[in-house]
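Next come two complexes built around subunit A: one with subunit B, the other with subunit C.
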Partner chain A sequence: MSENLAGRSVTPTTSDGGDGQQTAVTAPTAEAGPPAQVGIEQRDFHLLAWLADRGIIVFTLALVLLAAAFVDGFASVDNITDVFNRAAPIGIVAVGMTFVVISANYLDLSVVAQVATAAVVLIGISNETNIPLAMLLALGIALVYGVVNGVAVGVFKANAVIVTLATTFMGLGILRWASGGSIYFGPEDSLIRSFGTTEIGPFPLSMIALIVIAIALHLVLTRTTFGFMVKSYGSNREATRLAGVNISLVVIGAFILSALGAMIGGFVLAAFSNTAVSAMSDGFDFEALAAIIVGGTSVFGGRGSVLRTLLGVVFVSVLTNIMVLSGLGFGYQQMAIGALIVVAVSVDALARRAAGI
Partner chain B sequence: MSGHVTDERAPGSGRPIIEADHISKHFGGVFAVDDVSLTVSPGEIHGVVGENGAGKSTLMRVLAGILRPDNGSVLVDGRQLEAGDTRAALDAGVALVHQELSLVPEMTVAENILLGSTPSQAGLIKTQELKQVAADALDEIHVSVDLDEPVVRLSVALRQFVEIARAVARKPRVLILDEPTATLTPAETDYLLDMLERLAERGLAIIYISHRIPEIFRICHRVTVLRDGKHVDTVAIADTRPEDLVDKMVGRELKLDLQDRREAGEPGPVVLRAIGIRAPGVNDVDLDVRAGQIVGLGGLVGAGRTELVRAIIGADLRSAGQVTITAGGSTTRVTSYRSAVAAGLAYVPEERRADGLALTMTVADNVALPNRHQVSRSSVLLVRRIAELAKRLADTVGLRPPEVQREAGDFSGGNQQKVVLAKWLGREPDVIVLDEPTRGVDVGAKVEIHRLIKELADTGAAVLVVSSDLPELLDLADVIHVMRDGRVVGTLPSELADEKSVMSLASGETGAMIGV
Partner chain C sequence: MSDDQGLVLTSQRTDLIGRLRTTLARRTEGRALALLVVVAIGAWITEPVVFTSYDVTLGRIALIGLVALGLTAVILMGELDLSVASTLAVAGVVMASIDNLAIGILAALVVGLVIGAANAFFVVVVGINSFIATLGMLFFLRGLGFVLSDEQPVRLSNIEAGISFGKPLIGDFTPRMLIFIATFIAMQIFMTRVRVGREFYAVGGNRQAAYDAGIPVRRRIFTGFMISGIVAAGAGAINTLERTAADPTAGSTVLLSSFAAAIIGGILLTGGRGSVFGTLLGATSLGILQVALTLSAVQVDVQNIIIGFVLFVAVITDPNSLRAVVGSARSYLRARTAPQPQS
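And now, the complex of A and B:
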């Protein structure tokens, strides 16, 4: 038992534990630091961790290829344009909301009220006055949403799900009261309408707007101190506070970005349909969330990216489109989105555990 | 260093009760435990030593059925345990006292002790029986604490004892303790070690992990040394010396210069001044720290040291008191934590994983956080500058491996602590407050962290250190304030301070009491 191995070399010998590959990457390091760990990519292969990290790229590609090969009518310019038109508003909402998710505040449910409000304000107010005034008013409302949500969550430390559930309720109440529940129709010759109908090739302007916004927000997340603090806060809020960061402002900022995304999403949605009504954004919260977490952004915070969300939007939109083309109705689509979220958050949680965090 | 090793102790010669048979376990591409065998007999206290990352905790978790080994098996009484089955291990009588406390804070002492084995009938908890079993377990380890007290109100030390009672309540035949004394004061540690000796005399097999060599020599019969996941040696304690053990742990000649006191120069002007500090657990404390001076805060766990420093720097609210930081020719009143940081404060918190690091972010990003103004221009991050800063600071603190693009969570405890230090070194702080800077850190990292702290003071920083590790405090501090019950009860300049003088102040001469 007490076999003396003190003189043995620390260079790993090929043990019969695990497969031989594992030993091959265990290089001897200097002295007695932590055990030799050569690089992150040489970690043990965990299917779940891989799924959470890279799965979206493969799945999106596979889904698009399968749809193109097997679903009638998918690979037509008209259909692609249609997918983009429907993807753009949700996508813009989702890329903004990604900041809230990365800050470990789960999600911003109030985007439902925010999108509808922005759409109704854009069409309703511009009908009576002009577009810039309508947009300015919508911007003001978005800032109010961002600050109210952000202060409740970031300063008072209230739970983000409950707070934004409540502000959705309030916001939709105010919108229905102010609009009397009416449907607003825009004039056929307005600038709004022409934005909603202009296409460059198969790309509607709304899709181009989504891509531009996503790239801009990607840069905000990865290249600015603000985005950096959002990520850090999501990873460990106390460590971030103790680094001297004003963490309340970080949370408020994340909710403001989410509100701005929802506002632009509402504009794009209104432009596409040229109508606006308080119920038009039902389900935006969950579809945006689905895009974010399917993309691989962790609901535990600290990990994620805007470009991932963009991929997630493509995946969710193509999936929905396939169902529409296959004649599966809205009920099926809802079921699919719900199931997708359950699977994605479970993979996220399991991958986190597999990674030993 | 040497304990009272006596010859009549049976060095684990009896029939083993638990046997680890060629255990291997790897995480990622790395073997945490590589072909390790171990036997422990009834009545034996078997020490397991090794630096952080040596594989001690992983091995123990395999023994307790928490982890499934890739290879090898665990035998209790000669019967092989189902691999990776916690229940089976418990039923066979293997109980693990966790390194990280695993109690439910809101539940009572009694409920925690019987957590997972709560006596019940038809789904209803049998309260009387619950309390009886809990009381018996506490009696067995000679600890008195109110059974109905929520654990959240207990001191860290008492929580540790409740954790042990929880293991004992399961009537184990093998008790595994993983660094049980890391958070305990010397008096509490004594108490715990006596308790373990009593339990072993009654035939319990005990596996005892510790960084503290004197503890190993005091209670263990045999000791197993692990290094880099491999079994280095198992020796009877009577046949070895502390120096040999340390050599085997680190696998290289390491000068234990922990006792090399710094040649402190004349301290400069007062940088950190705290007057009349009151906060929960802190009762009217005044404190000055001068430029180039290391001030130590000693005392028992629960004396209010952490509470005091957190109140001083504004990390927690204080109910009364004034704090100023004087640096670079201007004096700032500390009204919030951020104002303290802006005035040149650096803070290395007690709980490094919870409060010090974003574990899912890279070392470079962790380092960049407090230095974000340095590595950005008009809020735009300069990626190259982050990498340069991180590289430079990683070199300064001796991060191993020096890979700053790896996630902080991948590193060992000692290296994580170096990252926490590196974060602040980039700001060249005027005041640095360190709370338990080397808790749970291996010997090599400890030496390096001490060197860094001394260098900071030598370059003119005002340093305030809280430590329960007396040799550390004596090594680092130019002056030691000893706290008891939220007050500073005595101040010892380094030339008058020794373990005895600090302890007698800390314990109030009456001897440290365990219990409520």
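And now, the complex of A and C:
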């Protein structure tokens, strides 16, 4: 029977399929060894490679300077604070999702559902009971999201885009069904509200939260074994598995970090607007992905950094702000972000080819 | 197909049961069939109206299935086209913006082809992963739809055509159902009897082997994305005609249901395996499920939860996933029971 099949099978077994798994009898206790930096040293100068690597710094600077010079109303403290206020939740989502992208799992679409759920739970539950309980519940939900996505992608080896598309619809469905689609308003004198309105200079507290979280996650990515494993898995999952790493746990970990980022992003968003509704996070998935990719983290996996994502967040937020100030509507903003994703990935792909990778 | 059968016949298994087993082992529609049986029996017991007023059910199946049929061509090559949802919206807006109906429909279809070609360009020439390329296009085109329509629904100038389009044309069949059936037959013939369509399987199964065998892989991928684009644009035109207006926000639910139909239908995301018939089965089971749920007064939110769950289960139970799970479970058990190798 099996001979029959093998003899005429048109589909070869994919490398990450079961056949590879069955040979996974290597000693499970094998140490991962000192994880080598898998960076690709580039001696020759390639414009595209340079663009993919350093371009974001120049572009962000140029964009901010141009905006300050030519766009009316950009260079005011109020506007900068506004940019920060809008950038912070997306940024926190993006720095968490960076781990999923680096692990070569494309992205986590379900952050849309996660952010809205965290916001609605924070405001809705804290209105009924108290804030710590609401946060604890939101944390539990975030862990469920992370584990469900992570197990489906990491253990079942399912496609991350489709898995998270499914969990998005399930999550949003559950949220709308449970909340009845109603809008929750927080009280004016709550701790949540004061977090959302406190500013230190032009910096709202949410922006400081973003910076602190980004630095923490940067340390996780660059200084911990887990961080190295995520990068290694993104570069070459088969080699990582053969090195004795439990790759399922690495993927689950990446999705849990993404879920935690989305949860905190939801908290910050709720605190800023002091309201919560299931539709409040539309487009967070794309904007976060745009920030990650524009920052220079490769969708091909293995390469990237959290601080780059932070830069990407600044770029995307400033760009959106310029469009708003110039009176370009929602449609143009979406077009710009879509084009940004395609262009940034194209530059990355062409640079890799030019560099002969 | 016939070549494969010939190979089997010349090998050991010539008896009927053996042939049946080999045929069944190759099929990927099992899950769709199982879901269809469960859903059909459930609907039969709880809401028999699903079958007595079958025209409603058929209309829903056509709505879900049309875009999925186009997607089938792309997924079979191991690629993904997420931009179908926005293609549908943009094509509808373009069509409604043009006063002459025939030219409008033509323009919509051309838009679909151009979008498909653009997707394929990024995938084949630039070399971006199709998930990300079409995701960017999804967003870009959604924005384009808003810009072209001024964020308002665009009314169709020829409303009479739209109204007559929603009425049954032959027997109980509305034009939408007829177009769906015609598309299904065309795709089925294309994928099973036409050389180009057969080569899609080769491209999805093993791209390098297909290339070495002399199949123009790039051109096939272009063809696949253009099929997916034009079918999505056609679905957009049909929606616009039926509603006598183009909605720039149309298509957000299309993404879920069309992917669900194709994946439940057994089209493997890794490419190379699956069938157009499987997509039909997937769309049929989803259509019956949706109509039954709607008749049972289940909210749209809960319907989304159920369909999302079905998609989730379908994507984690494809043969590759199950093999991965069984493999890791086996190696885990072996690692625990086997004597530890000396270190």
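To be clear about the criterion, the second predicted complex is superposed on the first by the 315 of 357 C-alpha atoms of A that agree within 3 Å, B and C clash if a C-alpha of one lies under 4 Å from a C-alpha of the other, contacts with A are read in each partner's own complex, and residues count from 1 in each chain.
By definition in this document, a residue touches a chain if its C-beta (ideal position, glycine included) is under 8 Å from a C-beta of that chain, and two chains touch if they have at least 3 such contacts.
No experiment lies behind these values; they were computed from the predicted model shown.
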item: Partner chain in contact with A:235 - subunit B first, subunit C second, else both or neither; value: first
item: Touched partner set for A:302, first subunit B, second subunit C, both or neither; value: first
item: Touched partner set for A:198, first subunit B, second subunit C, both or neither; value: neither
item: First, second, both or neither for A:130, with subunit B first and subunit C second; value: neither
item: Touched partner set for A:329, first subunit B, second subunit C, both or neither; value: second
item: Subunit B versus subunit C as contact partner of A:244, first or second or both or neither; value: first
item: Contacts of A:223 with subunit B and subunit C, given as first, second, both or neither; value: first
item: Footprint overlap on subunit A, comparing subunit B with subunit C; value: 1, 3-5, 8, 10, 12, 16-18, 21-23, 25, 29
item: Subunit A contact footprint on subunit C (complex, rising order); value: 4, 7-8, 11-13, 21-22, 25-26, 80, 82, 122, 126-129, 131-133, 135-147, 151, 201-202, 205-206, 209, 248, 255-256, 259-260, 263, 269-270, 272-273, 299, 301-305, 307-309, 311-312, 315-316, 318, 320-328, 330-331, 334-335, 338, 340-341, 343
item: Of subunit A, residues touching subunit B in the complex; value: 1-6, 8, 10, 12, 15-18, 21-23, 25-26, 29-40, 42-44, 222-226, 228-229, 231-232, 235-236, 238-246, 302-303, 356-357
item: Of subunit A, residues touching subunit C in the complex; value: 1, 3-5, 7-8, 10-12, 14, 16-25, 27-29, 106-107, 152, 155-159, 161-163, 165-170, 172-174, 176-177, 181, 248, 286, 289, 293, 299-300, 329-342, 345-346, 349-350, 353
item: For the subunit B and subunit A complex, residues of the former touching the latter; value: 24-32, 34-35, 37-39, 51-53, 55, 69-72, 222, 225, 227-235, 248-252, 315, 337-338, 341-342, 347, 349, 354-361, 365-366, 368-370, 372-373, 376, 379-381, 383, 400-401, 403, 406-407, 409-412, 415, 423, 442, 444
